[in-house]
Each structure stands twice: as C-alpha cells, then as structure tokens.
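For reference, chains read A, B, C, D and E in written order, and residue numbers begin at 1 within each chain.
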Amino acid sequence: MVSSSNRLVFGVSILLFLCLAIFPWFGLPVYFVSLLFTVFMFVTLATSWNLIGGYAGYLSFGHVAFFGIGAYTTALMMKGLHLSPFWTILSSIPAGFVAMLIAMIVGYPCLRLRGPYFAVVTLCFAFVVDLGIKNLDILGGPEGLWLKSPDLPIETIRAILFEAMLVTMMLSIMLAYWTSRSKFGAGLRAIKEDEEVAQTMAINAPRLKIQAFALSAFFPGMAGGIYAYYLTYIHTDIVFDMMISILIVLMALFGGGGTVMGPVIGAVLLTLINEGLSTFVKAEFARIIYGCLFIGVIIFLPNGIMEFFKKEHRVESGISLAENGGNRSAA
Amino acid sequence: HPAYAEDKPIVIGGSLPLTGKFAETAKWIEKGMKFWADEVNAKGGILGRKVEFIIYDDESDAKKAVTFAEKAITVDKVDLLFGGYPGTAARAVMPVAEKHKYVYVSMGGHMKSFQQGYTYSFGGPPLMGEWWYEGFFQYMKAMPADQRPKRAAVYTMNNPIGASASSTLAGWLQKLGIEMVINEKYNLPLPDATPLIVKSKQMNTDILFSNGFFADGVMTLRAAKALDYRPKVIVQAIGSVIPAWVKELGKDGDYIFSGTALHNKLNYPGNDKLNAYIKKKFGLPGYPVYFGFGYAWMQTLSQGVEGAKSLDQTKIRDWLKSNTVNNIAGPMSFDEKGLPAPINFCTQIINGQVELIWPKEVRTAEPVYPRPAWK
Amino acid sequence: MLKGTNITKRFGGLVALSEVDFEVQRKEIVGLIGPNGSGKTTLFNVISGLFKPESGQITFEGAPINGLPPHKIARMGIGRTFQIVRPLMDLSLIQNVAIAVMYGRQDINTLQPALERASELLKFTSLNDKAHILPGQLALEDRKRLEVARALASKPEIILLDEVFAGLNQKEIEGAIELTFRIRDEFGVTVFMIEHVMKAIMGTCSRVMALHNGIKIADGDPESVANDPKVIRAYLGAGYAGR
Amino acid sequence: MLAVNDLEVHYQELRALRGVSLEVTQADLVALIGSNGAGKTTLLNTISGLIPAVKGQVSWRGNSILGFSADAICQEGIIQVPEGRKLFSKMTVGENLEMGAYLPTARAYIAENLQMVFDIFPRLAERRKQLAGSLSGGEQQMVAVARAIMARPQLLMLDEPSLGLAPVMAADIFQVVEDLNQRGITILLISQEVLHTLTIATYAYVLENGKVTLDGTAQHLLDDPRIKESYLGL
Amino acid sequence: MGSVYALLGIGFSLSWGVMKVINISHAAFGLIAAFLAYTLLQAWGLDPILSIAVSVPLLFFAACFIYRFLITPITQAKEVIVSSMILTFGIAIILENLMLLIWSPDPRVLTTSYTSKVIIVGPFYFQYPRLAGFLMASMGVGIIQFFLKLTYTGKAVRAAWQQPDAAQLYGVNLKRISMITFGLAVASAGAGGVCMAYLYSFEPHTHSLWLIYLFLVVIVGGVGNVLGAASAGLIIGVITGLSLAFLPYQWVNLLTFGLLMIILILRPQGLFQSEV
C-alpha cells in the first residue's frame, strides 16, 4: 500500500514537473513565466524553511538572510570572477553552499536557544547581515550591485531562469518528501515535541538541528543566486527585505507546518492571490481582502490548509510518520 | 489622422507603491499623473487617442515593481510604460525596460543608475542626488567668503539616496573653504537624534547637512530645537520636500534649505495651472514636488510620442535623445545616458512656503540667512 | 554495570542529592525508595544526563558517563521513563515508539521495520489495540506503559523506571510485577526503579536503596531495608502494615 | 446531596460512561473504585463541568447542574482535586493556594484556611515561595489537595490523591481526607488503594467499563468476594 | 526610548506569555491610538496624554470583540502561537489599510507646547517628550505588574493559561479572563503608541517597524516577564545611547542587533527568567 501510493506520488510529480518545464516555451507573455518563477521561488523558500521551522519547530525569522547571502554571493562571484552570465546560474550552487556554511556557523550557537528566543536571534542575525553589507562598500554598500544580463532575448533569459528555479524547487520538495518519511524527519519531529525526551531516546538533537538548519539554508541560498540574476540589480533593501522572512513563515504555516505539501500550497496560494488582488481591486481594499483571507482561513482551519485534507491522513497516520495526527486533546 | 481618432485609447501601465512605506509620496505621483491624463484627454488625447492608466500597487516592494512592469508590458501590452518610484524600484525596473525595449521616464535615483548603459531610460526630470545641493552651493559661492559658515556637520542616511546626495558635498565644501568637521552615516531607522545634535553643538559647527528622509529629518530638527543648537544653516535632503514637513512642523520647519528638480513657482508653462488645481482641490499653496514629478514625467513621455508621431518605443527614444522637451521643470534635452543638463534649484522654506532662492533669476523670496533663533 | 560515587546535586540552596553512592549489577532489579522530594527523580535525571551534578562520578560498564549529553548516554544503553509522563503528543503511540526504535541501538533505520518492532513492543506493554491513537486520549496508566515501551524501544542495557506502578490497584500491580520480570528476562534488561508501591518493591527487587533528604539512608535486601528503623520513620510510617 | 443519574459520556466513538448512576449524601465519604480506564476520571470531570454529557442528569441539592460551566459548578461548592495535580507550575506554592481561594466566598477565609493547610502540610509552609513546578511529585500532590481545601468545598472530589506518594505520605493524605470528612465536608474519593479507601469510606461504588457494577456500604464491599478477587488481589 | 518600547511591549509579552497569542497586530493598535491622539490634538487641542482616556477604553473594547470572535476559534489549534501569528498578521494588514483609508499615508508628528523642551542633568540631555514617555511607560509597567502579581484577577490570568482546566475547577471564568487579558494587552499598546508618537513621526506603515523593536524588547526581557521587558527596553536604549556617543553612527544599529544576539546566546532564556 505504501509503495503503491509512493509510486503514484512519484508519477504525478514527474508529470507535473514536465508540464511545468515546457511551460515557458509556448510563447506566453513573459510575465507569466516571471510570475511562476516567483511562485517557485517562494515554494522553495517556504519548503526549505519548513525543515527547521515546521519539522523541528524552530521558527527561524531570519531565513531571508540565506536568500540574500545567496544573491550576494552570486553577484560578487560574477563581478569578482568576471563570470559570463551563463555561469551565473551554476554559481548559484556555490551560493547555496555558502549559505549552508553560514547557517552551520550561526546555527551552532543559535540553535541552543528555544522557541521565541531562537526566533529573535535569527531575526537579529538577518539584520546584522543586512546592515553589515550596507555598511561595507566592498560588498556594494548602500549602492547595491548591478549585474550584466546576457545578450539574449528576454524570453530566453526568463525561460532559462524559470527552468533553473523549477529544478531548485523540485529538489527542495524532494528533500522535504524524503525528510517526511525518513529517520531524519522523525527525529526532527521528536525534537519539536519535546527535545529533552528526544535526547533520552538517543536522538542527537544538536546535530540533527544543525543538519536541518544547514539544509534549510541551502536552497534559499541557491534561490537567492538565481534571483540575483533575474533581477540584475541587487540591493540589501531588496534581497534582505524582512517581509520575505515573514512571508516564508506565514506561507509555510498557512499551508500547514510540518507537512510536505503545506508550504507548497501556502506559497502558491498566497503568491497568486496577492498578485491577483493587486490587479483587480483598489490597492487598500486589495490589502484588506488579503488580510481577511488570513483570518478566514485560520479560523476555519487553525492548523493550516493541510488540515482540510487530514481526514484521509488520519487513516494513514498509523502506517506512516509523514503527516500530523489529529488535534491534541487536553493533556 | 482620422483613422486614429476612432482607435482604442493609449494604455499607459506600470506600478507605484500605493501601499506600504512609500505610499505617501506615490499617492502624490499618482495624482500628478492622473491630472495630466485628464488634461490630455480633455484636449483630445495624444496622436488623437485618449489615454488611460493601468496602475498596479507594488506594495513598496521593488521585486513586485519588476513583475508588474513585466505584466504591463507583456500581458496588458501597454502602449507606454510610466516611471517608477522610489529609486530602488526604478533601478530594478530599468534593466527590464531595457530588455523589453520600453521607454522609461522616471526619477532614476542617481547617477549610477544612468551609467549602466541603459538606452531607454530617461530622467525627465530626474531626482538626482548628485545635483541636489548644486543650487545651494552656487548660492553659497555667491556669498562673500567671510559670511559663509565655517564648520560643517554632515549626517547622511546610509542608502542610495543619502549616498548620492552626500557624494558631491566634500568637493563643494572644500571649494568654499568650509571645513567638514563631522561626516557620519546612519542606518534607518534612526533611533535617536539627540547625540547627533549634541556632537554638532560640541564641535561648534555652524552648518548642518541632514541628508535624510522625513522621519529622521524631523527627529534631527526637533533635537536641534530642544538643545537650542543654532547653526547658520540647516540643509535637508529629501525629508523637507513633502507637504507634511510644513504642515506637521509649522514654524519649526522654517528656514530649511534644500534642492529640487522642479518647483511650483518656476516660470515655466503649466505650473500656474497645476497650482490652481492643487489649491482648489487640496488647499495647498502650490503643488507638492512629487505631484509635479508625476506630471512632468508624463509630459516628457507624451512629447516623445508626439514628436515621434508613433508609439514605436525606439522611435520615441530616438526622438527624445535628439530633441528638446519642455515640461514644467523647464526645457531639457537628454544626453546619451538619458539625463538632462544638471538642474540646480535651491529652495528654502520661509513662513511655511517653499521658496526658490537660487538661481537668482528665478528667486521668489529673499533667503533668510543666517538662520534666526528658535521660537 | 552502573555505578555512581559521591554524587551531589544542588538547586540553589537546596541540596537534592548529597554524596550519594550507588551500584547496579547486570540483570539485577534494584529499587529506589524514599519520601517525596528525597531526590530519587533527581538521581535519575543526573544519570541520564539531563542534570549535571556538582560533584561525583558515574560510570557505565566502567566508562565514565557524567558530563555526556543525554543522547550519548541513551545511546550507550541507558533508557528511562519519566515520572510525569512526557509522550510526544502529536504522534500516535506507535509513532512514539517507532522513532525511538530508529534512533535506538538496534540496526533499524527505516520506517517499516521500525513500525513492526514498535508494534511488538506495544503488544508487550498491552497497548497494541491503541497503537494508532494519540497519547492525549490515554488514561494515565496507559501513558506510563507507553513510557516503558518507548524506553525499551532503543534496546537499552538498563532501564530506569520512575514510578510506573503508581495508580494501579493491587490486582493490577501483580500484572505489573510480572511485566517487570519479563523486561528483565525477555529483554535481558537490568532494571533500576523508583517506586512507592511497597508491594511492587518487595515483589520484584533483589536490592533496595532508600534516600532521605538527598542522603542514602539504607541499601540492602528488601526485607532488611523495610525493617530499617530509619526507613520506617522517614518513609514507611509507623502504621505501615505491609500494604 | 449530589445525585448522578444514568449519565452517558462519549469521546468521539468511545463510550467512556454508559449510564452511570450514583448518589452522595451530605457528610458521607463515598469511594469510587474501578480498574484503570474504567471511567472514574471521566465521571469526575463531567460532574465538574469540564466534559459535556450526552445524556443523563447531575443534580446538586436537588437542582440540575448539568451543562453549567466549570466555574459555575465551583461556585456551588463542588471542588475537584484533579488527576495529575494540574498545578499552576510557574506560580509559587503560596500563589497556588491563593488561587484555590479564588472565589470571593473562599477569599474571606483565606488566612484561616492557610493556617489550617500549613498545619496539615508543614512542608508547604517551608516551600511557600518555591515555584510549584519544581517541587517533587509528592510535594505537588500536597499542594493540589491543599489548594482544594482553600476553596472551602462542600463536596470535595479527589482523583487518586495518593498517587505517587510515599507510604507515610499516602497514609497522611488518607488521614487528611478522613479528617476533612469529620469536619463535615462531603467527599467523593477515587483511589486505587482499595483496601485503605474502603476502610475509611462509608459507601462505595465500583465502576467497570463505564458502568457501575457494584455498590454498597464500604464494609459490605470489603467482604465481597468479587472485590477481594479483582481489587485486593487476595 | 527603551521604556516606551517596554510599555508597547508589555501587552505583547502578556498575550504571548500568558495566552500563547503572538499578536502581530499589537503595534498596529498602538498606531491607531497615535492617530487618534493626533486627530484629537488637531481638532480640539486635546493633550495627547488625555487622549489616552479615549483610546485606551476604545481599544480595550475593540480587543475584547476581536478576542471573542476571532481568537476564541483558534484557541483549540494544535499550536496556538503559530495560528495566532497568522491570524493577527491578517488583522495587522487590515488595520494598516484602514488607517491608510482614514488618515491617508501622510506622516504625522505630535507637536505640543512642551515638545521641544529639554532638561539637562550633567552631560545628559532629556527631552520632555522622552521624559513624559518614560514616566507614562513606567506607570503603565507598574500598573500591569501590579495587576498580574497582586490582584486576584491578575493571578487568575496567569493561572488560567498555565492550567486552564484547573483554573476553571477553582472558579475562574476562562473566557472572561482571556478576553480581559487580551483587552488589557491591546489597551496598553494604545498607551504605548501614544508615547511612541511623542518621539517619532508615524504613518500607517510605521507599525511594522515598531513591531520588530518590541519583539526584541520582549524576548530579550523574557517572554511573559513584564519587568524583564521594561529592563530590556532600557538596556536597548542605553546600548543605542552609548554607542551613538562612541561609535560612528553607521554602526550603531548593527551593534545593537549584534549585541542582542550575543546577549541571547549567552543567556538563552532572555536576560531575565521568563515568568507567568
């Protein structure tokens, strides 16, 4: 039963991936390619965040830092090494690693903090990186960095970036999927529930947390690298925008933290709805409707949208560690 | 062209930060643009076609400004792209406009944006940080050397606008024999301005450059008053150009020097009309700067269209590069970077009015110098 | 196999453990009794690494373990239950146990075999019919048995049981005594248990230690400890009639 | 004074109580025994208003109180010492006791009651300023009982008060329960220490699988072979 | 500055520590009070301090209403903290844009006769508005601390959220208590907002800036710890003050955040043990 459902998931994903992959080559307006690109980016960010935030329960409010670090790494590499624009996409991979490395370094002391303290220390971290770059002229300082874009039609550039982001997103989702059914993910969930108990269950909590944090920084780093190239103008106000941090968290939780599909659904819905609203309604009212959306959904589905699908999960929860169980009753 | 007259309206699209951090200014720009459109439509439109806007709200997020620019260009297939605000958004949109080959008339932010080799971007007029104090220093230069201030304190917010505004300061100060005693940057938000003023006071500076936005500008000014710091001159970058400065600060806001790229008392055609409208509609004595910007950018763009007699972006660009545009900021012809000749107006707030004091030909009031004591 | 010498643990001014020595031999069932607040749970917390003692040395199979992080100690083969039960609330019983299996000392790293193993353990603790519900729906005694199953899941050498008999009636205690013996005999696990139910202590333990105000006041076979006047005064009470 | 009639309580599909009836008369010490999972806690929580009933009746001094909120039932003088203590763990012992006397009726007697409680549990007087969460298990149980006494109960319901207590302490708790009963407080006591419970109780009910299977005077039940067999292990 | 953030932060801390509700819209409520103060000052010349008499009750009732209809449904969620964050984020967006509609995006400044007065003590300068803010904040902190620690209702608040069942068993009306708490928390934000408005200019968007600072203050002080938040506010104020005096200004904000990070890492529970 498990393996057959696995095969189904696998098949559907491949199909979806292919459909998405050919999307930019139909000559649709570039905007749609860019929009989906943005959606993929947020899916990547939210899904990665979910590793540390959703599974391990460590709400990182500084994830934008990894995104920004990725963007700056790519941009600086491109400027410093005079990379031709095509290498830039590949240079997002080292950008991911830089983000991951930094995550390990800051994760080490920060992950000893719990709950809100962790949230704030990561928030501070993001500010420190942001302000640091702003103050250092060698990194572009307050001016920001300009990148060269290749001599190709805009459609081609967008399509290439689209594919790059698509692959990044797929990889991050695959990582999330693997996590949800692996020993690793199970350990993280135990840590989320009760770290002390997890430790007495022989779970090496400090190491697992660092691993989760580092992994959750890798794809944002890559996404940042690709995004740098999409934007061609990088500024701390843009790539270290606190709003991104907050959005990532909200998207993941809105969809349902600690589930594979939750962050995906959250990111897709929120990005598209927000974009759609700004198109059709007067600005202030659009925002008010957007606000009502959060309230409406959370009142009816306090644990995120994934809860809506939970009926089926309840049956399965016995055989898989994948998704959350039911409501917690009064203990 | 009778065939045109029956045509669909000309659609002009893009985004403005209608909500979020920059909403205040963007709303004025939007009003300026709309006023322009009403006026044009009343006269029968451009090329015989009416004009119409699609304005998206980018929520003060430069990333969104980019996607909305692409949306306007590729989905709505707008005929013209309108200019963006603030500088970071304009910077991010410029490469997009270039790639899509759309003429983009905006504030641009500062010189660096125009040095990236973009051919479709114009500052018409630009809000050019590097030129901001040009007029002020010209005025200082014309003053007898012994009357000039001697010691300068410079505080600059650490962002592109602050950086560009302060970039020419050192050179000018040296030229005028003013010693730059303090030169500090600060990151926004400024938590407290008291220490800045204490330091300026201790160092006996007699000219204060406050290169900041509204919030930090107000704090600096209030701290100066509270500590009774009396420099001969206080110069403000951006903070003092919005109507709220005069409205909220009243008397305390007086005597601030600043620069501008256009002004409601300039003797160029159109300004009177705008002022009359603003007075009637909003009860303000003259139109706010950003209202003027919104209007002027549209003027530039439409003159390009009318000059090129076509909506072909490249033709519009080429026309703009080789002809002179007349907008409310005066006549301007654009160089290869898309910039007009440096603009060097200097303003001072006197009795709650933003007066032009330099160049001398356009002066609307005598400058108050040195600054009188606080009331 | 587990040996502690001279252990002292303070909370601020309060001395919870004062120079306590103890030793547990392989395959023993050792009882730990003492009045409420005498430091029993604290001792378990010190052994399992949740508290760092101010002084003293603990060795397991000859290797010092004090100062090691809890997961390393667990990994070496010391399992435990919590007196105030702490199930992972959002995971079903079988998931609770399966995670412990995967991280435990047997070589099971994938989900399916872990769930199978977990299911066996739940059967062992008579929880198999509740395998798929959440711990929040359990009555207290069931939660305690869940603690036991989870502790056994990591295949420990020794298990520290903190009052798993509490709340059982006399009849049920008999069942629990049997379970304790089976833990030792079927799993080959040494048992070190805190208990207030004297019937259980007398029925299972080969040796009993008594703590009072953090000081060890008795150590020996159950009979002699139960008749020790110090123990009677501090713990059993004069009215104790072999309940 | 408390009468439960044909009470039925469900947890989703599980029928925890299936038609329970019992009665507690003024000044009685009624014991409720039953193996684990029988539904004893559920019954107490239903009486206290924490859990809704599917059907049945709970009446107090002749008036139905079923459907009252928990705080309203508390005002009626029905006080529970919950299973698992449920202390306010980040408040001090003293504050926990004060919370027991939260209702204005009890607040008036706070000093007097505090004195009584400290007489019964001198250890709590020592630990007055300590956070309740850092107490040992037994100490916490004492706080829980003490807190209930502070509420000046007319009916005191105790859910396994001797759980996790040292034998000497357990004996003390039973002594306290007996004393309280002697002072005129009506008591409904759940305990697994069946022998001891039945020796101090006046009347007892046996709950099995959500049903009352046996009831009678305590003495009567002590002699019942079924009790001997399944609860006393004799 | 510190004490004012503390006053703004207390309510935030209260609803977080006591009720597990992270109220993202907290600062937005404060901002509403600031706008009200502004409007009353402009229209009738009412002193902003007096405007608190209007805005605080108003916010209290609005908050009770919100609690009753929006927060109650999510108290059953698995993780109230998480759900409440999303919910109140929505509220914050709505409030911000309502303010945009009502008051327009123009920045405002509270100017009173004493705005620019200053007291000089040795090398230190205290501006009147700052002093007023400080005094009001201290009073607010005192009142709330008194409420929680010494009044029965306050204790019930703390009890109710540690052990809701047990609190009910001892006569605490959970719904009412929670509503009052939330109401108080938001009302204190009102007072805090007015204090903030003395010091800084504000526009409808400003609340997000305030929010970040009060988040810092609350956590560094220890969640649920009223005095902690107050002290943390002071500490942050002192750090900025001192570093402004000794460092290039450019590095002040960075230093503040960096130091906060270090403080947190060294004292994992915040500077002061969390309470409630």
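We adopt the following convention: a contact is a pair of C-beta atoms (placed from the backbone, for glycine too) under 8 Å apart; a residue touches a chain by one contact, two chains touch by 3 or more.
Remember, predicted model here, so these are calculated numbers, not experimental data.
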* Asked: Common contacts of subunit A and subunit C?
  -> none
* Using C-alpha centroids, which chain lies at the maximum separation from subunit D? -> B
* Structure fact -> Note: subunit B sits from subunit A at a C-alpha centroid distance in Å of 37
* Asked: Using the average of all C-alpha atoms in each chain as its centre, how far is it in Å between subunit A and subunit E?
  -> 30
* Asked: Just how far, in Å, is the C-alpha centre of subunit D from the one of subunit B?
  -> 76
* Contacts with two or more other chains, residues of subunit B listed in rising order -> 19, 158, 185, 187
* Of all residues in subunit E, which are in touch with two or more distinct other chains? -> 78, 96-97, 100, 165, 250, 253-254
* For subunit D, jot down the residues that touch at least 2 other chains. => none
* So that we know how the chains sit together, what is the shape of their touch graph: line, ring, star, complete or other? -> other
* Looking at the whole structure, which two-chain pairs count as touching? -> A-B, A-C, A-E, B-E, C-D, D-E
* To do: Could you please specify the touching residues of subunit E with respect to subunit D in the complex?
  => 152, 155-156, 158-159, 162-163, 165-174, 275-276
* Using the touch definition up top, name the residues of subunit E that touch subunit B in the complex. => 1, 96-97, 100, 104-109, 111, 115-118, 125, 127-128, 199-201, 203-205, 209, 240-241, 244-245, 248-250, 252-254, 256
* Asked: Quick one: in the complex, what on subunit A touches subunit B?
  -> 29-32, 34-35, 38, 131, 134-135, 141-144, 146, 149, 154, 157, 231-233, 235, 237-238, 241, 243, 275, 278-279, 283-284, 286-287
* If you look only at subunit B, which of its residues touch subunit E in the complex? -> 19-21, 23-24, 27, 60, 155, 158, 184-187, 189, 191-192, 194-196, 198, 214-215, 218-219, 222-223, 225-227, 242-244, 247-250, 252, 374
* Residue numbers on subunit D that touch subunit C, as the complex places them -> 11, 14, 33, 35-37, 41, 83-84, 123, 134-139, 141-142, 160, 163-172, 192-196, 230-233
